[in-house]
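The next part holds the structures, each set out as structure tokens.
Heads up, the next two complexes both have chain A, just with different partners, chain B and then chain C.
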Partner chain A sequence: MLKFRTQGYNGYSLQFSPFIENKIACATSANFGLVGNGRLFVLNTGVGPEGVEVERIYDTQDGLFDCSWSEINENQLVTASGDGSIKLWDIKLTEFPIQNWHEHSREVFSVQWNFIKKDTFISGSWDHSIKLWTPERSQSLTTFNIEHTNCVYNTIWSPYNADLFGSASGDQTVKIWDTKLPHSIQTIIAHPGFEILSMDWNKYQENIIITASTDKSLKVWDLRRPDIELLCLRGHEYAVRRVKCSPHNVNIIASVSYDMTMRIWDISRQSNPLVEVYDGHTEFVLGLDFNLYIEGQIATCAWDENIHIFQPPAFLS
Partner chain B sequence: MTQRIQQIASHLTGDNPAIAKVGRKTPDDVVIVTAVRTAMTRSKKGGFKDTVPEDLLAAVFKAILEKSKIDPKLIQDVAVGNVLPPGGGATVARAASLYAGIPETAALNTVNRQCSSGLQAVVQIAHEIALDQIEVGIGAGVESMTFGYGAGVMPENTSEQVFSNQAAADCLLPMGITSENVAKDFGITRAKQDAFSSLSHKKAAAAQEAGLFNEEIIPVKTKWTDPKTGEEKEITVSADDGIRKGTTPEGLAKLKPAFSANGTTTAGSSSQVSDGAGAVLLMKRKTAEKLKLPILGKFVRAAVVGVPPRIMGVGPAYAIPIVLKQTGLSINDIDIYEINEAFASQAVYCVEKLGIDINKVNPKGGAIALGHPLGATGARQISTLLTELRRTKKRLGVISMCIGSGMGMAAVFEAEW
Partner chain C sequence: MTEQIFKAFENYDFENDTNFQTGLPSILNSHQDKPKEKLDALIEKAKCFYYSKVIQEFDYDNYLTWKTNTNKLASSNIKDNVESSSVITSSKSDVNNNPQTEQTADNPQYPRTFYQLVEMIAEEQPIPGIKQIPNELNKGNPSIPTIKPRPKPWEKKNMNNDNDI
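What follows is the complex of A and B.
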């Protein structure tokens, strides 16, 4: 178990580098992201006396709610900010972003780099819109803004089709989009009456997605049969803030929640799919990622100003 | 910052009222399939002066069954708002339900939240449906002020101890005096009250002339004794009879104060004493779709709140903001407000206090022109509101009223067409 204190900053999101196994970035905000600055931590694990060392710290004017590594340049990553801006950072530089886009009119909650085409990324915002970007251009490529009627909390690329992505919104829907089309190609009212805070795409099954909601549940969906979920995972005691599918196991997913826990689920089990509950955090847990290189390694970040990097016992057996 | 806190708070409660409840259709929405009412007629003078409340109630129940063509066996619970009848009206209401063809398997209760009883009955059924306690139910309201109204309504013996408390004693104030209190406390002038009252008649007369009540009013055949000849005949009552087309502010200005010698509230600026009934058939959207029934609109949410009994008329000014906040809506988001006109004083106060566009208030007139059969009013307003929203292709409506003994109630409905 490695722990790192993001002193004075509350964790919102983190991501392991897709290039280097012991590098991780964490987007944080002062004052719980309600008001004030943001800070991006770039950390190296497995080094130094504590096992975690800071490589870079970047400060921003407003809170940071998400970050995503570039899939094409191992030194670059983008962050989503409360002031509506999206910044591109190069960790070869000690300060200042190398690019700063400001098109969203409200908080940006989500950024994700396209891991197939590798030259674009998408963002989702409280302004209800989704934007497609490329680092080479000073303006967004496309805006998808006439469909969601509430915050877009999460935007996730399909691991199978470079043009396909999904969006999870406070309007109780997830939508599936093709970047070549101006409108969504599928809408699922996944959690009627409740906000959807996160989604992820199964890394091994191209039609399976998972949604996470303020109704405290996660749902597994087959996009070919969207009328009803395949499975509803209950156990979290408060809203589920983020869900991630394992990059190594088709059936394993992890989720973090306002109930201060991280939970691991096995979706191949029709009954009792909950595998493990991790309750090491003492505040809302908002950030979650699987290490691509070290099977079973998970990182979480929380409002308790802590990043935990560990292999849950379930994965060791 | 406030919005971010609200967002996190809504994540924790799992309840973001801004979503789903308004502007989006979900299978679990509680929807209104049929809404009907009788005409509202002047008590002791009008078409229903010889009609007892169970007859009025049976008429709206029958109309619900006929209009919706629903299999009566599917109805599981019925709630009826009424205020004045002896025994809470419970027995005669049950009898009316059985007579109308609702099978004995359907339960029934009456409810008395004073002037909001009709709305309370509908809200009760809506909540039962939302919680899957029942699938199909009827919310209704009825009042014969001909038969129920009078001194007998007040208790004969009261507790000296309880009524030594000022607020408790205020509960016994005649409603007209509470109107005078509102007018005096908040400076609602006689001229404003008369102008508002005259407008209510004008709007109601125009709506009646244009046939805008035809869809909501069901004709009721009943017996009626001609007061001049004493002859009993069968008549069909299908129009509100309290509307005075020629009412002007100048004419109203000539009326004497009705409740206090130097007061400002007159018979012309008070709601009329009336007889009438209304009923609403409710179920979830998925049930309506399964039964292939049309959907008039959905019940979004309701709120009640207590206010000082001596100025009970301010109720809507307190209840409306609560229900709007709970639904994530603002005053201007609402297309039509049906605010019960117990008195012009309190209606004017509430409209001004909340900053509501007067053109959105009671577009077909209110209780000053149409009448206010106490327990029926809430159910009546639902018919009136949904009909008008649908006719004008508008979406959001609020129903609200003040409540004797010091309360306000408000509910948001969303029309569909």
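What follows is the complex of A and C.
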């Protein structure tokens, strides 16, 4: 178990590097993201006496809510900011970003680099819109708006189709989009009456997605038969902030929640899918990621100003 | 939809919401010398901020417009509210339970310091420790990548499968 204190900053999101298995970035905000600065931490694990060492710290005027590593340059990553800005950082340089885009009119809550078309990334905002970007251009390539009627919390690329992404929104829907089309191609009212805070694609079954909601549940969906969920995962005591599918195992997913826990689920076990509850954090857990290259390693970040990196016992067997 | 939210806000049982009531005295105590209209405005503001934060996010300016249009506005403290509404609408909320559920016991317990901060914002007190960061781009040259993209675990497994076939 590695722990790192993001002193004075509440964790919102983190991601392992897609190039270097011992590198992780974490987007944080001072004052719970209500007001004040943001800070991006770039950390190396498995080094130093504490097992975690800071490679870079970047301060921003407004809180940071998400970050995503570039898929083509191992030194670069983007961050999503409370002031509506998106910044591109190069960890070979100190202090300032190398690019700063400001098109969203409200908090940007989600950024994600495309796994396949590695020169593009996507952003989702509380202004209800989604934007497609390439680092080379000073303006966004496309804006997807007028569909979601509430905050967009999460925008996630398909691992199999370079043009396909999903969006999770406070308007109770998850939408599937093709970047070549101006409108969404599918809408699922996945948690009627409740906000959807997060979604992810199964990494081994291209039509399977998972949604996470303020109704405390997660749902597994087959996009070919979206009339009803395949499975509903109950156990979290409060809203589920984020869900991620394992990059290694078709059946394993992890979720973090306002109940301060991280939970691991096995969706092949229909009757008893909950595998493990991790309750090491002392405030809301918002950030979650699987290490792509160290199988079974998970990282979480929370409002308790802590990053935890560990191997849940369930994965050791 | 929006109208439902406004109505739910107006009908919300703040009296029996212990979280709200616990925080309220400390806001009011520091304003005891203020005239009643000011206190009413303060309570209204705190209610709005709290509701928008914990129960269901809504736009305060839109709410006031709606309230005016529906002739429900009898209070004299509207001006105070409008003037200070920027504080409230700039609040950041992300876990909103549906207004129809109205189960305050269902709402997660925010950290104590979170409520203190909410009070400070509602009282328009300056928040300490905010640094001014220049809005500048880096003048250095961006790095040239030296590592080729690594296949993802699912890409590797699929490649292996293809080879098997």
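As a convention for this text, the second predicted complex is superposed on the first by the 317 of 317 C-alpha atoms of A that agree within 3 Å, B and C clash if a C-alpha of one lies under 4 Å from a C-alpha of the other, contacts with A are read in each partner's own complex, and residues count from 1 in each chain.
Definition applied: a residue touches a chain if its C-beta (ideal position, glycine included) is under 8 Å from a C-beta of that chain, and two chains touch if they have at least 3 such contacts.
Note that the coordinates shown come from a computational prediction; the quantities given were computed from them, not determined experimentally.
Trainee: Between chain B and chain C, positioned on chain A by superposition, is the outcome a clash or a fit?
Mentor: clash
Trainee: Taking the superposition as given, does A:Gly170 touch the first partner, chain B, the second, chain C, both, or neither?
Mentor: In the superposition, A:Gly170 touches chain B and chain C alike.
Trainee: Does chain B (first) or chain C (second) touch A:Ile72, or do both, or does neither?
Mentor: In the superposed model, A:Ile72 contacts chain C only, not chain B.
Trainee: Counting only touches as set out at the top, which of chain B and chain C does A:Ile189 meet: first, second, both, neither?
Mentor: First partner only, chain B.
Trainee: For A:Ile98, using the defined touch cut-off, is the partner it touches chain B, chain C, both, or neither? Pick first, second, both or neither.
Mentor: A:Ile98: touches chain C, not chain B.
Trainee: Who contacts more of chain A, chain B or chain C?
Mentor: Answer, by number of touched residues of chain A: C.
Trainee: On the A-aligned overlay, A:Pro18 touches which partner chain: chain B = first, chain C = second, or both, or neither?
Mentor: A:Pro18: touches chain C, not chain B.
Trainee: Looking at A:Cys151 after the superposition, I want to know if it touches chain B, chain C, both of them or none. Which is it: first, second, both, neither?
Mentor: In the superposed model, A:Cys151 contacts both chain B and chain C.
Trainee: After superposition on the shared chain, which partner residues are touched by A:Phe115: those of chain B (first), chain C (second), both, or neither?
Mentor: The answer is second: A:Phe115 touches chain C but not chain B.
Trainee: Identify the partner contact of A:Ala239: answer first if only chain B is touched, second if only chain C is, both if each is, neither if none is.
Mentor: In the superposed model, A:Ala239 contacts both chain B and chain C.
Trainee: Applying the document's definition of touch, where does A:Ala30 land relative to chain B and chain C: first, second, both, or neither?
Mentor: After superposing on A, A:Ala30 lies in contact with chain C but is clear of chain B.
Trainee: Pick out the stretch of chain B that clashes with chain C after the overlay, from 99-107, 351-359 or 369-377.
Mentor: Among 99-107, 351-359 or 369-377, the clash with chain C belongs to 351-359.
Trainee: With the touch criterion stated at the top, can you tell me which chain A residues are shared between the chain B interface and the chain C interface?
Mentor: Touching chain B in the first complex and chain C in the second, residues 32-35, 82, 107, 149, 151, 170, 193-195, 197, 214, 238-239, 241, 258 of chain A appear in both lists.
Trainee: Can you tell me which positions in chain C touch chain A when the two form their complex?
Mentor: Chain C reaches chain A through residues 1, 57, 91-92, 94-98, 100-101, 106-108, 110-111, 113-114, 117-118, 121, 127, 129-140, 142-147, 149-150, 152-154, 157.
Trainee: Hey, which residues of chain A end up touching chain C in the complex?
Mentor: 8, 18-20, 30-37, 59-61, 63, 71-76, 82, 90-93, 95-100, 107, 109, 115, 118, 149, 151, 153, 159, 170, 193-195, 197, 203-204, 214, 238-239, 241, 247-248, 258-259, 283-284, 292-293, 295, 303
Trainee: Please give the residue numbers of chain B that touch chain A in the complex, ascending.
Mentor: Residues 1, 4-5, 7-8, 10-12, 14-16, 18-21, 23-24, 26-28 of chain B touch chain A in their complex.
Trainee: Can you tell me which positions in chain A touch chain B when the two form their complex?
Mentor: Residue positions touching the partner: 32-35, 82, 107, 149-151, 170-172, 189, 192-195, 197, 214-216, 238-239, 241, 258.
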